[in-house]
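Next up is a structure, given as structure tokens.
When the chains are written out, they are named A, B, C, D, E and F in that same order, and each has its own residue count from 1.
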Amino acid sequence: MTRILLINANTSDYVTQKVAGVARAVVSPGTEVVAVTGEFGANVIATRTELAIANHACLDLLARYTNEHSERCDAAVIAVSYDVALWAAREMLDIPVIGITEAALLTACQLGTRIGVVMFGPRVLPVYQELAASYGLASRIAGWRGVDTSAPYAAGDQDEADRLAIEAANSLVERDGCEVVVLAGAVMAGVPPRLQAQVPVPLIEGVSCAMLQAESLIRLKPIKPRAGSLAALPARVQVGLSAALTARFKDAP
Amino acid sequence: MTRILLINANTSDYVTQKVAGVARAVVSPGTEVVAVTGEFGANVIATRTELAIANHACLDLLARYTNEHSERCDAAVIAVSYDVALWAAREMLDIPVIGITEAALLTACQLGTRIGVVMFGPRVLPVYQELAASYGLASRIAGWRGVDTSAPYAAGDQDEADRLAIEAANSLVERDGCEVVVLAGAVMAGVPPRLQAQVPVPLIEGVSCAMLQAESLIRLKPIKPRAGSLAALPARVQVGLSAALTARFKDAP
Amino acid sequence: MTRILLINANTSDYVTQKVAGVARAVVSPGTEVVAVTGEFGANVIATRTELAIANHACLDLLARYTNEHSERCDAAVIAVSYDVALWAAREMLDIPVIGITEAALLTACQLGTRIGVVMFGPRVLPVYQELAASYGLASRIAGWRGVDTSAPYAAGDQDEADRLAIEAANSLVERDGCEVVVLAGAVMAGVPPRLQAQVPVPLIEGVSCAMLQAESLIRLKPIKPRAGSLAALPARVQVGLSAALTARFKDAP
Amino acid sequence: MTRILLINANTSDYVTQKVAGVARAVVSPGTEVVAVTGEFGANVIATRTELAIANHACLDLLARYTNEHSERCDAAVIAVSYDVALWAAREMLDIPVIGITEAALLTACQLGTRIGVVMFGPRVLPVYQELAASYGLASRIAGWRGVDTSAPYAAGDQDEADRLAIEAANSLVERDGCEVVVLAGAVMAGVPPRLQAQVPVPLIEGVSCAMLQAESLIRLKPIKPRAGSLAALPARVQVGLSAALTARFKDAP
Amino acid sequence: MTRILLINANTSDYVTQKVAGVARAVVSPGTEVVAVTGEFGANVIATRTELAIANHACLDLLARYTNEHSERCDAAVIAVSYDVALWAAREMLDIPVIGITEAALLTACQLGTRIGVVMFGPRVLPVYQELAASYGLASRIAGWRGVDTSAPYAAGDQDEADRLAIEAANSLVERDGCEVVVLAGAVMAGVPPRLQAQVPVPLIEGVSCAMLQAESLIRLKPIKPRAGSLAALPARVQVGLSAALTARFKDAP
Amino acid sequence: MTRILLINANTSDYVTQKVAGVARAVVSPGTEVVAVTGEFGANVIATRTELAIANHACLDLLARYTNEHSERCDAAVIAVSYDVALWAAREMLDIPVIGITEAALLTACQLGTRIGVVMFGPRVLPVYQELAASYGLASRIAGWRGVDTSAPYAAGDQDEADRLAIEAANSLVERDGCEVVVLAGAVMAGVPPRLQAQVPVPLIEGVSCAMLQAESLIRLKPIKPRAGSLAALPARVQVGLSAALTARFKDAP
């Protein structure tokens, strides 16, 4: 039985359930998805400050779940579109860890040479740009659009949000020559099929891409590095962390 | 039944069989791998001239197979490490197409921030560097090593080739700080498990990565673009091409 | 007597004749231009698939002509704006080889710090961008414009095409601060003088630039590399290629 | 009276005191330095996981101090060499915030075109490289050296550490052509004067640079942005954060 | 007593006085500002040719002043927005030298991730872009605007110039997502406070930034390099230079 | 009769004569080379300060010659390897202007994808790197070597300098994979043929490349820009310049 841990480092269970539903629909029949919600921090991460705090919340959640549960997970997917704590999690854990925006961008690299990105909330535009640059992918992204609505973060009518997303995607195709468009944000899980007919290039989102890549990496079985910045955590002194996180810095028995 | 077309654009059946064996071991139980060998061009591509010709050979093979066989393939994997004709194939076909070196590099992006690449035959070093740069990934690659042996291209003792590859990989880790190492070349299929114990960071190769990504993309079901440089081929006048290729430029009935 | 081989890897003699006329007007009195047309492939290359095939057609034509004719050519110019098989030809031959788009971009580098590019057919925009990036010149190009007409590829009224090209060039100057504009495409040979009066910065095209650079390189007499990816082809096994191409992979007598 | 808040997001008071002593010696007579130590997390940050957690610890400390104390600080300096939570703090606070590594690199930009960086602990090399790249400064850094000793993190004999740092700095000058060398790490505060005589180019460290830049920015008085990703935090729902952090997300009264 | 030499390499005393007034208002009480005007060259530099000549004028002025005056200056600020002769001055002198545009850009790096630049006179746009690129900061600059008025170069009504600058700055914020805006040009000294209320992100200019950084570097006391391209000038043969410049190339006594 | 003005902005006639001899051997029979030596500044430019001054000297020389002589020159070549005042000269004059290092690098782009550069005097290494970066060509240059001898700047035995240059070039080929090597420096004129037999890839130098490109651009006849930073100088107020330079800033009659 393969098991993938799906981390929502936000504290909103609404998003967790939405994302988990899509994730379960994407994975292979034999794969279980264990979805968990953050225990502290923002309901919905939308500022740099919330994002910085979520790094801790995400690692805490990962440590907690992997320490306290008897069933081992085979991979973890971080379902926060800023890919919080992604490389730290790759260091802390010995299973593959996938971030949803990294996953979407890497998939997009296989579908078009010029990638467009649509995100919700113009305030976060620079944050996404910094993230894409941190992956070395800045030159692949030919256009960005920020859509100014928070409708996708709640149940309710999505018509206006859909209309804005379609308009943004088509503008990326027509004005910037994009040949694939990423809808950024965990809440975009499940949305592409609804909009695809009205956009002439592939529309993708990160949760589906990440779940598929998680299953691929589980089958690829890369070793845990024994050298470099992703090698297992050494024993180190910590103060005031949760028992689960503290345990991660103890010598292996 | 899922079916993946595995293209070896070289004309050497030895490499096709080697690669196909590994590919079949990697894919899911329900997936069939159809392996085909190039009909013209180099036995083993190792020069820029052979590579340029292989672009045609690869497309011809793809057109031939997808036109002439009743069973539709769901994706194609180009098992030549220079990813010959990759974007052209993405234009010509309406199924996902994966290149093995692109696949290995994108997978490596998820396993370490600093990627090392080991290749066989120092003559091809610039060609690989141009390929990685064409993917926008030059900044992710922290080191390159060319190993001077052609042993992997034939059956026979691989001890010396293995020793050189291990030495190159460890040098990438120690001197260049690489945290994941790609063994470039279709003939590296199946090799990482044999060498991994002697290298402290993940060793990967492209055929396995590509097969897994092919399965992922089949499940993701991106649409065929209706705009841009990857949209379906328009009707256009061709001279002297195979019937299969020529048919690709006819109006849809 | 200096002799320059002018390769049109398209199969349209119309373009060959147009280009050859301009080329002959540009070269020095003592220089002969031998113009040849592709024997297989697209009438006019306008898709990635046709371009990939043209790599083979171009090398075949180069091999055929240089093998079969008693008069040696002193340089070759590839008059296809995607510079098909350019580096492969530099490997295969021992004379200078020039691509028309590379030639135009390098010349533009001497005429303005910010280069603009106008091309015909918006579908090919990403292909040109990839080509410029492959030359390391992406940062020099301050703007791109795709003009949507195929008029230049045939005889007949060019007024509308001219008007669109002038408009595109002036937009590059005014909106993007370009200080020199390249008209991309072999069929732009001879066009700049007709439009120049209506554009306030230098307008250039590749065929003229390439012919002049070919004459320069003939006089510079660089050696054929004896090391690296451009050294003479080694003897290698080929299958199903033309006699001319096959002969290129035989040991020198 | 000017007051600068000096944040050590590590939980080791030893480093705080060391850094504060140097900071007090650097600032103008009229400037008070208030030094505080992290309340949770690593004694000394040296892994990606500790660094990710420190983002939260740093913001918590900043919120706590600026909320609870009657005397307003005029700027904050984050004295952790990974510049944890730097941009988030710039969003959360309405005073200038300076990171010590950013400060050192920007100062280095004024002292030499080619910058070298020496850091302690080779494991962190990629993390520093990612940080420099995130500032857009990757092209200015001509060489990196990791020195393998933790001696600077404790009182005691520094002779061996000094010797290694001098050797690394001189290697950057001689082999990589560096014209200024940054000693990275908060514990390098106060070290450059001790080593400078043995290195022929300027040696600098971040704490001194940051204190000087903090004083400069206090005098420059940039406004708090009212637009973009650094504008004041909006009211937002948080769960389980400290009272001080929670208060930051309440509407202004 | 600290003394900063403020160089206006233009030959217009109007600009010198304007700049010096702002500089004196910015520096600490104990700092003297010595302002000097160029002895040859353009009244106001606005073309590449004038700028190239100003390199000489600037060095001549620096050599003249520092040789002929008994009071040593502790730093020099080059108050020409093209930062003329900046690195040469850093080689020729043994005190810190600051350029106003470099100073503004480095300060901007601490205030926002995406920097906008407004300049006066569209002709100079490429020159500023080349300057920013030479500092390795091209990727930090998210937008440029050229304002077409020369009003700031003379006394008189600035209303129209102010209106254009505000409009340009706000366009950088709204269309390009800039989070800090630099007003380029020595004549922008003193202008930001007048316009700031109408722009929602920090507006800065180079003279203030440079004076503050000069004071910081004076306190940091970096050594004069003894190696590399910024080491003291060796004795070398010169022809036809001013006595002051010639003296710079004599052996130290 | 075609006439090319060859500018040596150094004040050493030895270099002028050496360079002019090679230039005359390279140009077509019908082309006259007019070689002039700088009237002020360094005997041989080897520091940043000398280089900055040479910008003025070069423009003065260009203005003087083109104003005072009845025979019009058709192009100018700046035979100083730092390409002093290159873009300013392109603005000031209405004929093509070529810099020798730009010429060599652009030619090298046509001969190999990975370029190596050998220069004399390690102090100047960063200056050449900045120059190459300013042309947007940094990514094409795979290796740099500084040779520590000044022998080429005088008559006399060149054996040791030759040996060092050959060693540097071969190291670039073997260790850095360079496929073409540029010998930087005007004094390298005429040297490649002497060393070529001992280096397996093309060795080129700038004077020959520049003369050939000058002849090409004369035949291409690009217009003088009427817009942008290279348009003709407007009338502007100058102080203390030579009559020739001052005349350049007067309104056309």
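To be clear about the criterion, a residue touches a chain if its C-beta (ideal position, glycine included) is under 8 Å from a C-beta of that chain, and two chains touch if they have at least 3 such contacts.
Remember, predicted model here, so these are calculated numbers, not experimental data.
Looking at chain A and chain C, the chains in contact with each of them are B, E.
Hopping across touching chains, the smallest step count from chain C to chain F is 1.
With centres defined by CA atoms alone, the chain at the far end from chain F is A. When the contact pairs of A-C are matched by residue number across C-E, B-C or C-F, over half of them reappear in C-E. Between chain E and chain F, two chains of identical sequence, the interface residue sets overlap for the most part, with shared numbers making up over half of the total.
Between the CA-based centres of chain B and chain F the separation comes to 44 Å, rounded to the whole angstrom.
Remark: chain C and chain D have CA centroids separated by 53 Å (rounded to whole angstrom). Contacts with at least two other chains are made by residues 87, 90, 113-114, 125-126, 130, 133, 138-139, 177, 179, 228-231 of chain E. Every pair of chains meeting the touch criterion is listed here: A-B, A-C, A-D, A-E, B-C, B-D, B-F, C-E, C-F, D-E, D-F, E-F.
The touching residues of chain C, counted against chain E in their complex, run 113-114, 139, 177, 179.
Partner chain B is touched in their complex by these residues of chain A: 26, 28, 87, 90, 96, 98, 102, 106-107, 109-114, 135-140, 173, 177-180, 196, 200-204, 208-209, 212-213, 215-217, 219-220, 222-223, 225-231. Interface of chain F with chain D (complex): residues 122, 125-126, 129-130, 133, 138.
Chain C contributes residues 11, 38-44, 46-53, 55-59, 84-85, 87-88, 90-92, 123-127, 130, 133-134, 228-231, 233-234, 236-241, 245, 248 to its touches with chain B in the complex.
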